[in-house]
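You will see two complexes here that share chain A, one where it goes with chain B and one where it goes with chain C.
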Partner chain A sequence: MALDYTPINYYSQMNAAQWSGVTAVAAASSSWLRRAQQKLKELSELTENWDSYGSRPIQQKASETAAELLTETANFGLPEPQIFPVPGGGLQLEWESAKRELELEILPDGEIEYLIVDREGKMRENKISPSWMDEIYRLVSWFKNSNAGVDKL
Partner chain B sequence: MTDTLPKFDSPPLIETILGVEFEPLWAFEIPYFGLFWSRIRENYPNSSVQPPLDSSIETFGASQRVINLKWERTPDVRCWFSDLTTTWLIQIQKTRFINNWRATGKDKTSYPHYEKVRQRFLDEWLNFNSFLEEEKIEQPPVLQCEITYVNHIETEPQLSNLHEIFPSLEPVKKFSDFLPQPEAIVTNFVYVIPENRGRLYLEMQPVFRHADLREVLQLRLTAKVLPKSSNNDDMIEAFDIGREWAVRSFTDFTSEEMHKHWQRRQ
Partner chain C sequence: MPVREDDQSIADDEILWRRIQNIPDWIKRNEDGSFRTTSVAFLDGRTNEVSVHRAILITQEKALEGKPDDGLVEIRAGFPRSLGQFVVYDPIQNHPTLKDDISHSLICPPQYATKGSRKSDARKMAEEASKHWLVFPKGARKENS
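Right after this comes the complex of A and B.
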């Protein structure tokens, strides 16, 4: 017999039939999530040529996907990531802990690529499928397991 | 009945959801999700897998609520199938069939009226039932019809003026020397629909909207109505009751000033 266990979801509408992505402000207020959302909003306001190499502003699809990723990684218990703009209109979220790294690059069209680096410096990178929730959970589980090498993903 | 309901030309509606919950389709194993997708893929080319929704059938009196202990051999999933414009979505799991419409882009004024959304749901539901019949899977008894309206009120959410939008909420006062102003307010009301036909759930809270990274007030009204039977007419009657409760509750809960802003015409 298995318990019908669904992780408690403090921040998003994951457990509702609602499709439009939102994060409940009250639930997020005690976490790093609100700071990260503010940072994301600031980055989304960068204007054309923000990198002085002619980059486009951050694309709407990229910032929307980043907002969803921030919410879900907070749900999964990750610490606050660093958030960077990527030339061309994308974004990057980075976590680093005990010489291990997890990077999620959100392309301008909202597609996601990941890069993980283990304690020995071995790397692995790939794209994440459109139904990415399970993939994100797998990456987060890997990152939280401090002993696993990239081959254990 | 529906002709007398309040009407708005420019409501803050961003999503409408019609769905049914039914007895578990035990025979609907994971391969059937893909088989059904191949049937609708032309119109719904995008898919993703989500965690399943819990059961939430309304009960009254001494009835027991569903306990979420299941004997299962295979994992339970909910599949999303969306159209190219990401405006329409079908959600399926072993106990639910749901059809969503949501606003996309900047034009928030053009939304499909209830009759259109209801007809679309019924068409998709009948198609799903035809699929079950062809696959020799018994059609499930419908236990509950749900209709949800999600509204986003794009105002600066000042706690001190919430009552100007929602008159039934008293102005937030500083209650004592100790407690400061709250950081956020979340409001939930639950109403029984007469004759124990179901319940209306009204939830208001500030949310951070992912699409444009804005903080807005989300007012979500969900009516869960028990249909008299699983036939189409009874499902339509249940949705109509739910729709009436959601629309009248929205109108009651929001101020006349906001009604003018949303261009109420009836």
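Right after this comes the complex of A and C.
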């Protein structure tokens, strides 16, 4: 079942104090988003064999999907991710808190796979469907909930 | 993609080396102060095959030739096998872009693999290999100190 996620409706129900929090989060997200976009640009310029094991450069479709993901996760209020080139031509975004981890890997063809790790080290992974917004929101919600194990996703 | 078969002539206790890029973010600090590399070091988004070196067929200096700032970790062949991966001897000779390397081998999933453990396997291999740093990447310790 698709999640009913519409940020505008959600925001419309908030009081002034909550709005100020959202403003702060939005400012922080905006700040890291520019840095992340710059990092993405730098990674897209990696040349053939950048990993010394014969990897292709980062593929355009992967870069495009990563750019979309960065924008959306910034909108969801996530902190700044680490961004890695993945051998073979993909990219990976990683978030880590003291208690949990979220990895979003963008394959060279633009498909997305995730891995989550909870405080006990349990892992869960899967592919994300082409209409990925709802699933990203579900993952972000899990990551921001400090108590849930991977079985609560 | 060529069909791969696990190479039983590589014993479970044989040591494999993997170069780790000299990218500060690739190395993370664990709560106990030790360091681990990101799972990306054991991923390949196109082939799912991860290049390694058989330690008995190469020296550290040779493995890092031309990459003096990179790091080197080791993992025993039995570990990826315990995850269902194959270890395949794949020497490089007369490749158009890669240097000859008689130690070159691959860790790769079997053709029939259907289980969804690609990323968690990479994560586990990265954790295991990070217990055995032979050479730490030049730029990483500074960033993490």
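Please note the rule applied: the second predicted complex is superposed on the first by the 124 of 153 C-alpha atoms of A that agree within 3 Å, B and C clash if a C-alpha of one lies under 4 Å from a C-alpha of the other, contacts with A are read in each partner's own complex, and residues count from 1 in each chain.
Assume a contact is a pair of C-beta atoms (placed from the backbone, for glycine too) under 8 Å apart; a residue touches a chain by one contact, two chains touch by 3 or more.
Keep in mind the model is a prediction, meaning the values are calculated, not measured.
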Chain B versus chain C as contact partner of A:V86, first or second or both or neither: second
First, second, both or neither for A:E72, with chain B first and chain C second: neither
Partner chain in contact with A:D118 - chain B first, chain C second, else both or neither: neither
Chain B versus chain C as contact partner of A:M133, first or second or both or neither: first
Touched partner set for A:E48, first chain B, second chain C, both or neither: second
Set of chain A residues, in rising order, touched by both chain B and chain C: none
Contacting residues of chain A [partner chain B, same complex]: 1-4, 6, 14-26, 28-29, 34, 37, 40-41, 44, 60, 63-64, 67-68, 71, 130-134
Residues on chain B engaged by chain A in the complex (per definition of touch): 14-15, 17, 19, 46-54, 68-72, 76, 80, 89, 91, 96, 98, 100, 102, 146, 148, 150, 152, 183-186, 205-213, 215, 218, 220
Parts of chain C lying in touch with chain A, wherever the complex brings them together: 19, 21, 23, 25-26, 28, 38-40, 43-47, 50-51, 66-67, 70, 95, 97-98, 116-120, 123
Chain A residues within the chain C interface of the complex: 48-49, 51-56, 62, 82-90, 92, 94, 96, 103, 105, 107-108, 113-115, 117, 123-127
